[in-house]
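Below: a set of structures, written as structure tokens.
Two complexes, one shared chain (chain A), two partners (chain B, chain C).
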Partner chain A sequence: MQDIMLEVTDLTVNFRNDDTEYTVVNSISFQVKKGETLGLVGESGCGKSVTSLSIMRLVPTPPGRIASGEIRYKGTNLLSLKEKEMNAVRGNEISMIFQEPMTSLTPVFTIGRQLDEVILLHTDLSKKAAKAKSIEMLKLVGIPRAEEIYSSYPHELSGGMRQRVMIAIGLACEPQLLIADEPTTALDVTIQAQILDLMRELKEKTDTSILFITHDLGVVAEMCDRVIVMYAGEIVEEADVDTLFHDPKHPYTCGLLESIPSMHEKKHRLFSIGGQVPAAGSIQMGCRFRDRCSKAFDRCEKEDPELVPLSSGHFCRCWLYAEQGGRS
Partner chain B sequence: MVPMLIVVSIIAFLFVHLTPGDPIRVLYGNEIDAETYQKLKEKEGFNDPLYLQYTRYVGKIVTQGDFGISYRTKSNVSDEILRRFSYTLFLTLASMVWAVVIGLIVGILSAVKRNSLLDRLGMVSAITALSIPEFWFGLMLMQIFAVQLGWFPTSGSGTISHLILPSLTLGLGVAAIIARFTRSSILEVLREDYVRTARAKGQNQWVIVLTHVLRSALIPVVTMTGLQFGFLLGGAVVVEQVFAWPGLGSYLIDSILTRDYPVIQALILLFSVQFLVVNLLVDISYGLLNPQIRYE
Partner chain C sequence: MSDTLLDVQRLQVHFPIKKGIFQRTQGYVKAVDDVSFTIAKGETFGLVGESGCGKSTTGRTVMNLIKPSGGQVLFAGENLSALSPKEMLSRRVDLQMVFQDPYASLNPRLTVEQILEEPLTAHQVGDAAERKRTIERMMEVCGLNPAYLKRYAHEFSGGQRQRICIARALILKPKLIVADEPVSALDVSIQSQILNLLQDLQQEFQLTYLFISHDLAVVKHLCSRVGVMYLGRMAEIGAADNIYTNPLHPYTKSLLSAIPTADPRQKKERILLRGEVPSPANPPKGCAFVTRCPSAKDICKHERPRVSKVEDDHLVACHLFT
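Up next is the complex of A and B:
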């Protein structure tokens, strides 16, 4: 059995809007093993970003609030740490890359200062040594003329370059866990491919665990070992990447896979799942996907389905498979 | 800047010369007879067309630094202004020190501890400070710190301790504005993605506010502070009266009341130049604060 790096148990995150509190992430549990890349997939608004921010304890509070659950990193519950202790984890043990490279770097500081910052925070290196390390990191993420870029400002760099800088910042202190929140979504397709290659390459070198958040199943297939599919704040299916692509069980996962354009078949119209993600808090009872599901039946209206094991490492939250899993 | 100055000088010149009121009567009294009146008017050049009067005026300023002779005191305008200018400058600088120090501290604290008791207290004080009339606040300070405690002189000028109470009076309103601007500006910048990045690095919230946030957040604050600085350089009429401070504000009022044209013109020009210089400094400081502006 591999070591467990991160274990999330029954995490629930609420957001307050006016006087009502909505559950955005509803009691989710998952694990990230050492050296593994876990994909977290779902449509916009399904709670995947909030989940990742919760691990870093960066959910904007208010309006957000981690209502319950545990997030154990190497056995320590991050939610019980003091802010100061948490700061020693952030950027050091666990670091995060964000979706928007264009706005995620401080515009008034040089690239070098922003890289030095994280190194000086978590190591005992001198300023000079930190600079050397920063330049080394810039080279590592494939930035040409690293010394020159070191003293450049973010606005002088392209989006792809900035995302490389973000990755350099993320990896500078050799974290055990890297959370990548849609790191390629804002980039051109060619740049996307470069960034993904870079991440894969760096992962092989450093053996960092990665929690990879995306809505792009193509990226999942390329990057991940295991995949969790989220829908409306819940995990609906969890499987290793081969099983998920070849034997998807949940109707939502099937729908997502069918919506991927295929090179081999000529279709006039791309498949899409009808309807929209229900607004947070709008479904009180029953399966959250039932209104968009072609296979929905009576039971889906009345009872909440549970996440049940179908085979080793393959879980699904759907009444269609409830009996198969041995539980109801 | 130069075309601005020309426009300002024309406006100042016209304003003063087209307003009713007779400088000859002011200069030589009401008792002179009609013949002497005409003679004097001819002699002082008031019968010449306006453009001639204007070019003569500007010519003297540019070539000799001569702003004319004050009608009232018969002494050189530039000397009179220079003597008072240093008082106004010191008062303004001291007020701005109060304003910036108090304003930034209150603004930053309020922003970081948003919605806390401290924040509410800070913002209520700011509103109060903005609403208090200057003369009343000045008199209160004088009553407490000068009359009862005897820490500072009640009025007059000459030493640093003379400067404390009037500058505090003048700086408080500006401090309140700076505090409110700083707070809202920081809160806005705190929502930026790069603040989240800095937090994800494990950086302490205070350090983030004082480094990543403050540089960008200060830009609107600097703009506003510059404007206030320009206003204060124009003299503080009320505070100068309360504390018997010999600055430009009371000089301007006296000159207007006595229709001392050369002085009024010179002061309008001076105030414009001050504003232009302050704005230039503000623009330069943008470049220091934001590298993106530096290269444009």
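Up next is the complex of A and C:
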């Protein structure tokens, strides 16, 4: 069996607005194995970014609050660590790449200084050695003229270059787990292809586990080994990438896949899921997708469906498949 | 050829770069550099390219929001940039635009009713009662509940806001709609709703679209003809079928190969481009794509390729085909 790097159990995250508390992530559980790329997909507001922030313990508190659950990284529960201990994990053991390469670098420091900072903080290297390491990292992520870029400021670089720098910072301490939150969403397709290629290459070299968060199903198909689909704060389906794209079960997953315009076949009309994602807290009982689901029936309104196994490694939260899973 | 509604001829848009205390012009950013295309009535023309390639500038110049530095835009045979502001105002009824960001393109202080009424009052269409009827009907057509007339933009979701933007563009019954990335800010499930709406509206109102997007799959779905832009120039232009099944320009090829497909079983040859788009203030001397082109020849460095016809409704600007 493969080692488990990260195990999230029953994670619930609430956000407070005025006097009401809304559940944004509702009791989700998943695992990331060593060397695996796990995709987390869903539309905006489904809780995928909050999940990733919780792992890093970066949920803004207040208004956010991790209400319950456990996040075990190599067996230690991150939620019980002291802030100082957590700092030793962040950027070192687990690091994160954010969506906006334009805003996630400090404009007032040079690229080199921002890279050095991570290395100096987490290793015993001298300043000189840190600089050498930084330049090596910049070369690794394919930045030309690394020595020159080392002393440039972020505004002097293009979006693709900045994202490369972000990846260099993320990988500087050779993390075991990399959380990539929409790392290519803000980039053009040709640059996106370069960055994805780079991430794949680096993953093979270092055997890092990646938690890949995105809304782009095309990127998921190319990058991930396993996929989790989230809807309104819950996991609705989990499967390996091949099963998910070729034998999706949950009506939401099916709808999502059908609504992407295809490059290969010409459809006259696109399939579309009617309606929109329900606001957090608006659905108290029953399946959260039922209002938009064409297959909804009585039971969907009254009872919460559970995430049941359909086959090995394939889970689905839908009453249509409840009996198949051996549970009702 | 069927009736041409829009004829863009050798369009150039140059923005001056000003520097120093005297704000002297130091050079020009050639945002659009010699771009020509035509759009027939009732057609959807897709303009694709990466950020900074000049596709939005082209769209805005078609709308006559930016004056061209050279060339002309003929709308129904009339040169728009030669019109006086007053004459232009009356033509605006026929030319409307939908913007990318539905969060930024609606005034937060106005209700939906006020937003939709503004074009009607500006062009003195009908009396108050008539206007109200038009607004309600247009909301229904665009899939909005007319009961929400008094609501403000922030009370709507992204998809609904984009519907308001579309209703606003449509309310004057225009002939041409310039849609600048209308679905790129939306989630997939909402994106397909809006794309279907755009198709329905085209049928109902005989609209012509200039559809600007960086998403090649969306463009393929919606457009009958496509122009691929690179660094302010047209790299390839023609019928969508021609371009997608038989891409000729090396840039189009690599662009098409770079799109991730939502199918893990499909492994494809990817043409990875090295480097990045050069600055439009200082483009390469010959072909704009020469710095990244995998099949660049010597001539590409010195001479700018001309757009030449390869097959019926398929033109390409590349030395490999001349």
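Keep this in mind: the second predicted complex is superposed on the first by the 328 of 328 C-alpha atoms of A that agree within 3 Å, B and C clash if a C-alpha of one lies under 4 Å from a C-alpha of the other, contacts with A are read in each partner's own complex, and residues count from 1 in each chain.
The rule we apply is simple: a contact is a pair of C-beta atoms (placed from the backbone, for glycine too) under 8 Å apart; a residue touches a chain by one contact, two chains touch by 3 or more.
Source: prediction; values computed, not measured.
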item	value
Clash or fit, chain B versus chain C on superposed chain A	fit
Touched partner set for A:95, first chain B, second chain C, both or neither	first
Chain B versus chain C as contact partner of A:241, first or second or both or neither	second
Touched partner set for A:189, first chain B, second chain C, both or neither	second
Touching partner for A:272 - first (chain B), second (chain C), both, neither	second
First, second, both or neither for A:76, with chain B first and chain C second	neither
Touch count on chain A, higher of chain B and chain C	C
Touching partner for A:43 - first (chain B), second (chain C), both, neither	second
Contacts of A:166 with chain B and chain C, given as first, second, both or neither	first
Minimum Cα separation, chain C to chain B, after superposition on A (Å)	9
For the chain A and chain C complex, residues of the former touching the latter	43-44, 144, 158-161, 188-194, 196-197, 215-222, 241-242, 245-246, 255-257, 259-264, 266-267, 269-274, 276-277
Contact set on chain C toward chain A in their complex	50-51, 157-160, 187-193, 195-196, 199, 214, 216-218, 220-222, 244, 254-265, 270, 272-273, 275-276
Residue ranges of chain A touching chain B (in the complex, touch as defined)	56, 58, 83-84, 86-92, 95-96, 98, 100, 103-109, 117-118, 121-122, 153, 155, 166, 169
Complex contacts: residues of chain B adjacent to chain A	192-194, 196-205, 211-212, 215-216, 289-292
